[in-house]
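Dropping the structures in below, format is C-alpha cells.
Next come two complexes built around chain A: one with chain B, the other with chain C.
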Partner chain A sequence: MTPRRGTRVGPDAVRFSFDGRTLHGQVGDTAASALLAAGVRRVGRSVKYRRLRGVMTAGPEEPNALFTVGTAPAVIPNVPAPQLELREGMVLRSQNRWPSLEFDVASLLQAGGGFFGAGFYYKTFIWPSWRTYESLIRSLAGLGEAPGACNIGPVAVEHLGCDVLVAGGGAAGLAAARAATRAGARVVLCERDPVCGGELEFEGGTVDGRAGGAWAETVVAELRAAGARVLTGTTLVGGSGGEMIAHAEPGGLAGANAVYKISPRAFVIAMGAVERPIAFVDNDLPGVMLLGAAERYLARYGARAGRDVVLFASHDRVYASAARLAAGGMRVRAIVDARQPDEIGAADLRDALGRDGTECLAGHAVLAASGGRAVSGARIAPLAAPRQARTVPCDAILVSGGWTPALHAGVQEGGARLYDPRSGGFVAGEQPEWRLLAGAANGQFELGPALADGVAAGMRAARIAGRQPLTDPPPDGRGDAAPRGRAFWRSPASSAEEKRQFVDPQNDVTVADLRASLAEGFVDIEHVKRYTALGFGTDQGRIGGLLGAAVLAEIRGRPLEDVGTSRLRPPFHPVSMRSLAGWRVGAALRPARRTPLHDWHVEHGAVLESMGLWMRPRFYRANGDDAFAAGIAEARRVRDSGGIADGSTLGKIEVAGPDAAAFLDRLYLSKASSIRVGRSKYMVNLREDGMVLDDGIVLRLAPDRYIATTSSGHGPHMLSHFEHYRDTDWSGRAVTVTDVTEAWAAIVVAGPRSRDALRGVLGAEWEASLARLRHMDFATGRFGGRELTVLRASFSGELAFELHCRPAIARPLWEALVAAGLPPYGLEALDILRVEKGYLTTAEINGQTTPFDLGMEGLVGLGNDCIGRGLLERPAFREASRPGLVGLRAADGKARFLAGAQLTDRAAGSRPLGYVTSSVYSPACREWIGLALVPRSHAAAGALLLARDPLREGDVEVRVTPAVHFDPGAERMKS
Partner chain B sequence: MTRAAVSSGFTLEPQTAGRTLEFAAFGFPLGGAFVVGWPAAPGAVRYEADDQPALLHFAPARWLVPQPHPDIEALLQAAVDAGAGIVVDVEGKWQPLLLRGPGAKRVLATAVDIESALHERACAALTLFDCPSIVAACAGGYSLWVRASYAADFIAAVERLGA
Partner chain C sequence: MTRLVCPFCGPRHLREFEFHKTLPAPGAGEFASVYERVDSLELSVEHWQHVGGCRGWLLVRRNPSTGAVLDCRLVGGGGAA
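For the complex of A and B:
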C-alpha cells in the first residue's frame, strides 16, 4: 500500500495491539511509525543484556524494534517494525522480555553495575559442566520465539530473464533503469520500499525542475509503459553464478511471499547507502535514532521522533536535515558536530538555524545519553575538553556518522572492496564487466552526480546487453549538497563507560567487548565477529559492522582499510524458510515416479514405498497389515506356486548403431559383443577406480541394437554414465544412447507355475517360444496388438520370466496374469527371495566393493578391457584385508540379526571387522539369514562372529555360510 | 489421466500418447542430401499444417517425433539409410500435454526462465518442477512432453499453482 505522506491528519483508522495495549495508526503506517506517532518509545529489549530499546532506523536493518506478529502457534517472529505495514487488528508483541517489556526478570542480570561481556558464559559456566547451564542460557538466548505452526501461504516463484537488472529504485536506480529502457533493453527494477524514490521523497530536492517524488512517479510510469518490470516491496537478497534472487514480503510480513530468480545480462547495483551510528555512552537508550530515519518518519508518515531533539553528526548535511526537522515541528535544541569549525560548510544554514535558537556546536561530541528508561538529555562536551560536559535536555538524539554504501549484492560472491576516505567506508573494487554500481552504492551521495552516475551505468548496462543507448543528458538534480563529512566513530569514554558504548545494538556488542576480544587474541575482524557476535543477526552487520571495524582499528592503532570488515554474505535481508522452499513444499518436495501399474497397485491395497524417486509396492494388504508377515507370505507363495512383481522401475537404455557392441564392450566387465542376437547376459559395470558401479542384464535385439537394464535406483546415473562416454571417448562414433525406461513396462513372473500360467495368458502363438527359452534367452512377439518381449531370467532363484511390454498393455497383461493365479508380491518378498539366493543390491554394490569382493572373479577372468579394468588390477584389491561377500546365519538357528549390525570376532573389545549388508527371515530356510561383507581372512564358512547391534538387537552370535542360502545348484531356476 | 482445468488463466490438458519416435544422430551437424526438410538448427521445430509440432530438435543431435506422419517417417528413413543415425520407438516414454491460456507462460516461469529458454528457438529440453520435459511453443500456449513416470506429479505441481 502506498504510504500516506506528510503530516498526520484525519481520524486514526487502523486498530492494532502492542503488548496487549490497543492503539491506533493510520492507513499506510508501518508498525514503527504508528508507535512513534502514538508516543510509544520503548519497543523491545536487547537480546543479551535485556536493555530497553526504541526504534533506531526506518528500514529493514532495524536492530531493536523486532516484533513477534500474530497469536500462537502461528506467530511470525523477528519482523522489523519499520518494514511492517500496519493492518487492522494486527497483534504485535515485543521480544526478549519476561514477564513484560517494562519489567523483565532477566534484565536484573545487569544490575550491580557490570555487564557480562563477550565470552562470559563460556568462561564462567564450566563447572561441573557447560551442559548444566546450557538449557537455561539457551532459553534466554535467541531472537524471538519459533512459531509452532506455519501460516504462510504458497510462495509465488518466478524466473525472469532480462537484459538489465537494477537493484534499487532511488534516484540513481531510476535513472539507470530509464536509460537502459530507452535503449530498448528489457529491464527489471527491484525496490525494497513500497514506492520508488528513495531519499528523494524527504530530501526536498528537485529533478528537472520537479519535486523529487513526482519525478520518481513519472519515471516509474515511463518504465512500466515501456514494458519494464518494476517490482516494489522487493529486496534483492543475494545471488549466485549470475542468477540474482529477489524476495518480496508484501507489507513486510511473511504471508503472500514471492521469490524472483533473475538472470540478467547486466546488473546495476543502486541500493543506496546505510546510515551509520556513532558510539557514545548509552547510545542504545530509547530515543536514540539515526537522523535519516527521523527524517523519513516525519516526511513519509508525519511521525516525529521527538519534540526536543539534539543532532549529532560529522558532516554538512546535518544542517539541511535540521532545517527540515524544524520545519516539521520538531525543536532542534542543538547540533553537535564533531568536526572543527574550519572543516564545516553550510554557513548559511548554520546561521539561519542559530537565529531560530538552535545551538550549533563544532568540535563537540555527545558523550552520553541521559535518562533511565528513555532519553531525557544529551551530555555534551568539547572534544578537546571532555570534562567540561553539560547536559542538554531533549527526548531524542538523532545521530548520523555518515553513510556506508550498500555493496552486498556486489561483493557477496567475493568481489573486492576498497576503502573510500570520502565516505569513511568501503566502496566496491573491481567488478565483473556485467556488474555495475551507481549512486550512493558507488560513493555518490549528491543528487546530481548520483543521477548522472545512474544514467551512465544504465547506458553501459544496455550496451553490455547488446543495445544501443541513446545519448540523453542526465536529469538535472538539485538537492542537498555533498555531505562533506569526516568519519567520526565514537566519543571519548572511560574504560568503565566503554561497557555502555554500543557498536552493534542488536547483539549488545560494546567497545569493551572489542577490547576483550583483542585481549583474548581474537584480532582478525572475522575472529572478532565470531567472538563477540558483531554483525550477526537480522541486520547482517549493516548497523554495527563498519562501526565495529572502525573502533577495532582505533584500538589496534591500525588504519581501517587494513582491518577491513567481515565478509558480506547472502541473504542481504532475512528471508523466511517458506520462501526458500518456494514451490517445493509437502508432496512437491521432490517428484515421485509412477509405473504404468501404479493405479492398479493402489486400487489393490499395495503399501507403497519410495525407492529412489520411484513409488514401488512394498507389500499388499491382502496378505496382512504387517509388512514382515505379508512379505513372508508373498515370498512363500512365489516359491510354492508363483507370483508377479512390477519391474517397470528397472532402468532401460537402448544402445544402437554399428559401434554399439564395441561401445558396450568398453562399458562392461564382460563382452557384449559376444552375446548372440536373442540372448542376454548378466553384466557388471565398473567405475574408473575399479569399484563395481552397477549390474543388470543386457539384451541383444539385433546385431547393432541392445537394451541394457540397470538397477532401479541407478537408472538416471547409469544413463549419465553412458552418455558421458558416448559424448567424450566415443564422440563421433556410430553409436547412440536412448533412455527407454518408460517405453517398456516390465512384469516379473516367478515361481514353479510361471511357465504354465504364461502359456495360458499369452496364448498358443507363444507356445513354441516359451518352450524353447533357456535361461537368459528372450523372444519377441505381440500381445494385445502391441510389442512384447519375454526374457527368461531370474532374480528369485525360481523359474522366472521378465515380460517387457508397451505401457499401454501393461495393465491388461498384469490383470490376466493375476486372473491366471499369479498374485502380486512386493519389495519385502523380493528382498527375501534375493537374499535367499545371495543376489546383490545396492546394499552390497555400495561404491566400495570390487568384483573380487563380491565373488565375481569369473567375470574378471574373462579379461575384457573395460573402463575401470586398469585400476582393478591393483594388488591391494587382492589382499586378505579386503571384504568378501559371505552368508550369515544365527549360530543358534533362531536369533534375529539385522542389516547394519557390526561384525566382530567374539573376544571382548574387538574392533569391527565388517557388517551385515542384508538380512531377512527366510521362510524357505525357516530362520534368519543374511549377507555380509567381512575380511577374506574371516570369510571361511563355519567361522563364528558376533553381530553387534546395541541399539536394536544386542549381540547375536552368527555363523559364516556361503552367500547362496537356498537351492545352491540352481535346480529350480533351470527347471 | 484426467483433464486438469485450472482457473488462473491457464489450462493443462493431457493428450493421448500414441506412437512416438526419437531420432538420434551419430554426429552433428547433420550432413547430406537428406537434411532438406529437417529442423536442423538447435531448438528448431517442424510444424504440421495444423500448427502441431511434428519434428522437434529438442537436444543436441536428438529429435522427437510425437506422432509420425508418413512424410516425417520418410525423412527419418532417409536419414537412417544415409547412415546418419538411429530411430528408436519410444512409445510410452513421453506424456504429451497442452498448456494454454494467458497464464501459461507464468506457469512455466515458476520453474524456469522460459523466455530465455525459448529465446530464438521453438523447443527445448528442460527440467520443469523437477520433471524432465520437452517444451515447444504452439498456438495459444505450449506443447509439453513430460517423462511419463513423472507426469502425475507434474500435473499436480501445475494444479497447485492454480489452486
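For the complex of A and C:
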C-alpha cells in the first residue's frame, strides 16, 4: 500500500492498537486520521443511549471519538482522537461500551423500549428511593473510566508578561501578531494546533501571491526572529482579571504539559470559528462528519472520510470544498443545499461539479442517514415536498450548517453577545479596551477581510500597549468566497423521528428532548441546559450548543437572539487535573519550615506532623509505634522526672521603641506597660469584635524592648496583625515590629528534674540565675558563646523553663539536655499535659470565644483599653447562654469520648448544647479527660451530659468538672 | 486585576499580596466599622498587605466592577508611588 500524503504525515509507519486490534498509521497521524484511513468507522458509543458513533470532527471539540489511552491502572480517559498524535505502540480503547464496542449490553436496554429521554431517570427511579438504583445507574453513567493511578510528572507553570497576546495562529491571528510585532510590541501567540495556519493549511487560498501555508510559515519565522513567543500546541483555556491561562498538552496527551499564565497589556482573540452540524434523523450514525473535518483529514493526512459522499450545507463555500474533495479522489455524489436557487452563488463551481457527475440540489435537505451500523445512504427530499424522498447511496454524509465564532475568551468573564446574521450565531458585544476580536472569531469568514481585520486588531493592540504601529498595508488574501450562507438548523421530521434528530451528540440530546424540556416548564436556555445536558461535556457545547438554542427558538417561535445560548464558561477545552496542580505536587505542595533541631528529630525516630508550614515532632518511635501509646509514655515521663520539647515554632515578635509599651497595651487585653524588666506575663489578644485572637507570653527585655510570643500556627497572622496596627492606628509613633521567630530556637525543659538538669548543663555561671528565677521571670546570658534567655514558664503544669537560644547552639544544648537524662517529647504528650492543666489551644481559642467564655474574667478586670475591648462590653457576652470552658470526665470513669462529640442533656432527641473541644487519655488521672464549651447555664460542676458521637464512639455519659484536671493548686509548677 | 503597583516594590503580581478588609464608611462607629461593609459598585477602599514583598500595608482604591485599581498607597501615608 502506498503511504498517504498530507501536510502533516510522513511515510513511515506507526503501530498502535485499538480495542485490542493492531493497526498501522503513519508518522504525524492522529488517532482519528489513522483509524479513518484504516477504514475503522465505529470508534465509540454515546454516553446515554450507547449508540455507535464515528469520528465527527477534526478538532478538540470531538464529541464521539474519545479514547482511553494506556494500560490500567494509569490510563488517561476521554482523550479526543483528533488531537491525539499516534506514537509507536500506543494502546487505545473505545469508551462507554461493555463488553465490547460492537456488542454492548446496555444498548439493548435502549433498543427494547425506545429511548429514555431527558428526565427519564429522575422520574422513573424514585420508588422506594433513588438510592436503590443509584449504584447501578452510576456504573452506567459518566464519560470513560477514572484512572487508578497517575504516572504524569509535575507540570511547569510559566508566568509571562507581554504587550500583546494573540490567541489563535490562523490567518487573522498571524496578521495581528505580525502587525503588533512590527510596531515593536512584545508578542505572545498561542496556537492550539502543532502548526500555525488554521484554514490556510488546506483551503488553497493565496496571501500576497503565495500559497497560504507557505505564507504562514514565513510569518512565524518573522515573529520568532523578532523575539515573539510562538506557543504551538497551546490552547487559551480561560482567564480572569486580565491574566489569561494557556494550556499545552503536546501530542494531545498529558505527559509533557505546560501551563502559561499570561498578563498582556492587550489581548487579540483570533480563535476562529467552530463548524456546526445540522439536525436530521440518525445524524449521529458513523459516517456523518462535519465537512471541514473531512477537508482537514484529506489535506493534512491524506485520509478520506468516504469514497462516495453526499454534502449537506446551506452556504456557498460547500462548492469549493466539494471541488477539493473531488480533487482528492472522493466521489461527490450530491450536494444538498437547503437554500433556494436564487440564494445560491458559486455558479462556475457548480457547473464544473455538475459536469463531473455531482448532483447539485437546491432547496433540498438530507432527511435521514440510512444504514444500520454506519452510513450506507442519504435520504434526500425537496424541502417543499419532504414526502418525495429518495435515497442516494454513499458511505459518508458531510455536513456544514455554518460556523459559530469562537468568542469564548471574550465573554467567559461575562459580557454581552450580539446576534450576528452573517454567521447565524453570536459575536462578542462590547469589550474592554484591551480586548479585541479578529477574523472568524469576530464574524469575518473571508480570507481577505479576515487578514485586514487581524492587521487592524494587531495595530490597535500595539497602540494600547504604548507602541507606534507602522502603516503597513494588510496582506492581499485571496481564498474561498464569502459563505453567504443562510442558517439552516434542522430537516423536517415527524414527531417520532425527532427522537433521532441529535442536536448535541456528546450528551445524546435530541430535538424531542428539547420539546420535553419545554413541556416540563424548563424554558430558559440555562434551564434547558440543565434539564437535558445540552452543552455540557468535553466540547463545552461547541458542537451542539448553538444548534440546540436555534431548535429551541424554532419550537418556541421566538427569534434566536431572544433565546440566546447558555453562558460560555472556562475552561475552553478540558485541562488535565495534573496541569491544574502544576508543580505543586507532593513535597512541593507548599514550603516546609523546619526548626534548627529538625535533623536531630529525624535522626532520632520522630514522627513529624505539619502545623501551619512548620514540621513538628508528634512522638518519638522509641516510645512506641503508635501515637497513642507513645504520647502517654512521654507525658508520664515528664511528670515523673522530666523531658524536653522543641518549641522553636512559637512565633516571636520583637517590639521596640519609646512607644513599645503603649503599643502593646493597645494590642493586648492586659497591660504590657506594667510588666517589669526581666519579667514576663501570659497575655491575650482580642479581635476587633471582642473574640480572643491568640495568646502567648510577653517578655520585657528593657524598658523600650519586648518580645511577644504567639502560638505556632498563628505566628504569620499575628505578625501581620502587629504590622497592621503599627501602620494604621499607630503610624508615626516610635515603635518597630520585627519578626524574630527564626532568630531564636526554643527548647522547653519541663518536669521535677528540670532545674537540676539545667544546672548541670548550663554550668556554674547560670547557677545563681536559676536559683533566683521565680515563675514568669527570665534571665539572659550566654551559652557556648551565644546569647541565651532562660524563661521560667510552664505549659505543662510542671516546674519548667523555656530556653530561647540562637539556632547555632540549639543542637548542642539539646544534646546536652538529652545526655543529662531529659528525653524528648512530642505534640501528643504536649497535648496530654496541657489538657490535664486546662490550658488552651486553637481548639478553644477558635475565633468564637470571648475572654469570659474561656474563664479569663481576671484579665478583663484589669481594665485596659485595647483593641476589641469596646465590643467585648456588649451585654450579650455576659448571658448564661454563652459558652463556658469546662472539664469533662466519663461518668463511669472509664469510657472514651473524643473531641468533636456534641454535648446534649440526657433527654432523648435533645439538641446539642455544646461540644467537646479536646480530649486525651490522661496517665496522671488514669482516665479519659476533656475540655468542652457548654452554656454557662449547664456548666455547673457535677452536671451530667451526653457526649454524642454517632459515627465514632456512640453516646457516652460525661460529668462536668473544673477545667483544671490535675494539680489545681499549681503546687508542682511553683516548686 | 492581576497586579498591584506597590509604592516600594513597583508592579508585582497579585499573589504576593494579601487582602485584609474593605474599609468602613468614614465616620462609622465602633460597631459599624467592624460589622458593616461599604458595598459599592464603583469604589472599594481596601487594606492589603504586601506579605510576599516589603510587608507594607497598602490602601487600595479600586473599582470592583471592572477590577481597575485607581490608587495604591501606603496606609500611613508616605512612599507615594
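By definition in this document, the second predicted complex is superposed on the first by the 957 of 975 C-alpha atoms of A that agree within 3 Å, B and C clash if a C-alpha of one lies under 4 Å from a C-alpha of the other, contacts with A are read in each partner's own complex, and residues count from 1 in each chain.
One rule holds for everything that comes next: a contact is a pair of C-beta atoms (placed from the backbone, for glycine too) under 8 Å apart; a residue touches a chain by one contact, two chains touch by 3 or more.
In this text, all values refer to a predicted model and were calculated from it rather than measured experimentally.
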First, second, both or neither for A:728, with chain B first and chain C second: second
Touched partner set for A:159, first chain B, second chain C, both or neither: both
Touched partner set for A:587, first chain B, second chain C, both or neither: first
Touched partner set for A:242, first chain B, second chain C, both or neither: second
First, second, both or neither for A:209, with chain B first and chain C second: neither
Partner chain(s) touched by A:688 [first = chain B, second = chain C, both, neither]: second
Chain B versus chain C as contact partner of A:871, first or second or both or neither: second
In the superposition, chain B vs chain C on chain A residues touched: B
Partner chain(s) touched by A:432 [first = chain B, second = chain C, both, neither]: second
First (chain B), second (chain C), both or neither touched by A:969: neither
Set intersection of chain A contacts, chain C complex versus chain B complex: 159, 263, 732
Contact set on chain A toward chain C in their complex: 159, 240-243, 263, 432, 688-689, 716, 720, 723-724, 727-728, 731-732, 870-871
Of all residues in chain C, those that touch chain A in their complex: 1-3, 13-14, 18, 20, 30-31, 33-35, 47, 49, 51, 55-57, 66-67, 74-77
Residue ranges of chain B touching chain A (in the complex, touch as defined): 22, 24-27, 83, 85-86, 88-94, 106, 109-116, 119, 129-131, 147-154, 156-157, 160-161, 163
Contact footprint of chain B on chain A as seen in their complex: 154, 156-161, 261, 263, 583-584, 587-588, 590-596, 598, 614, 654, 656-657, 705, 732-745, 806-808
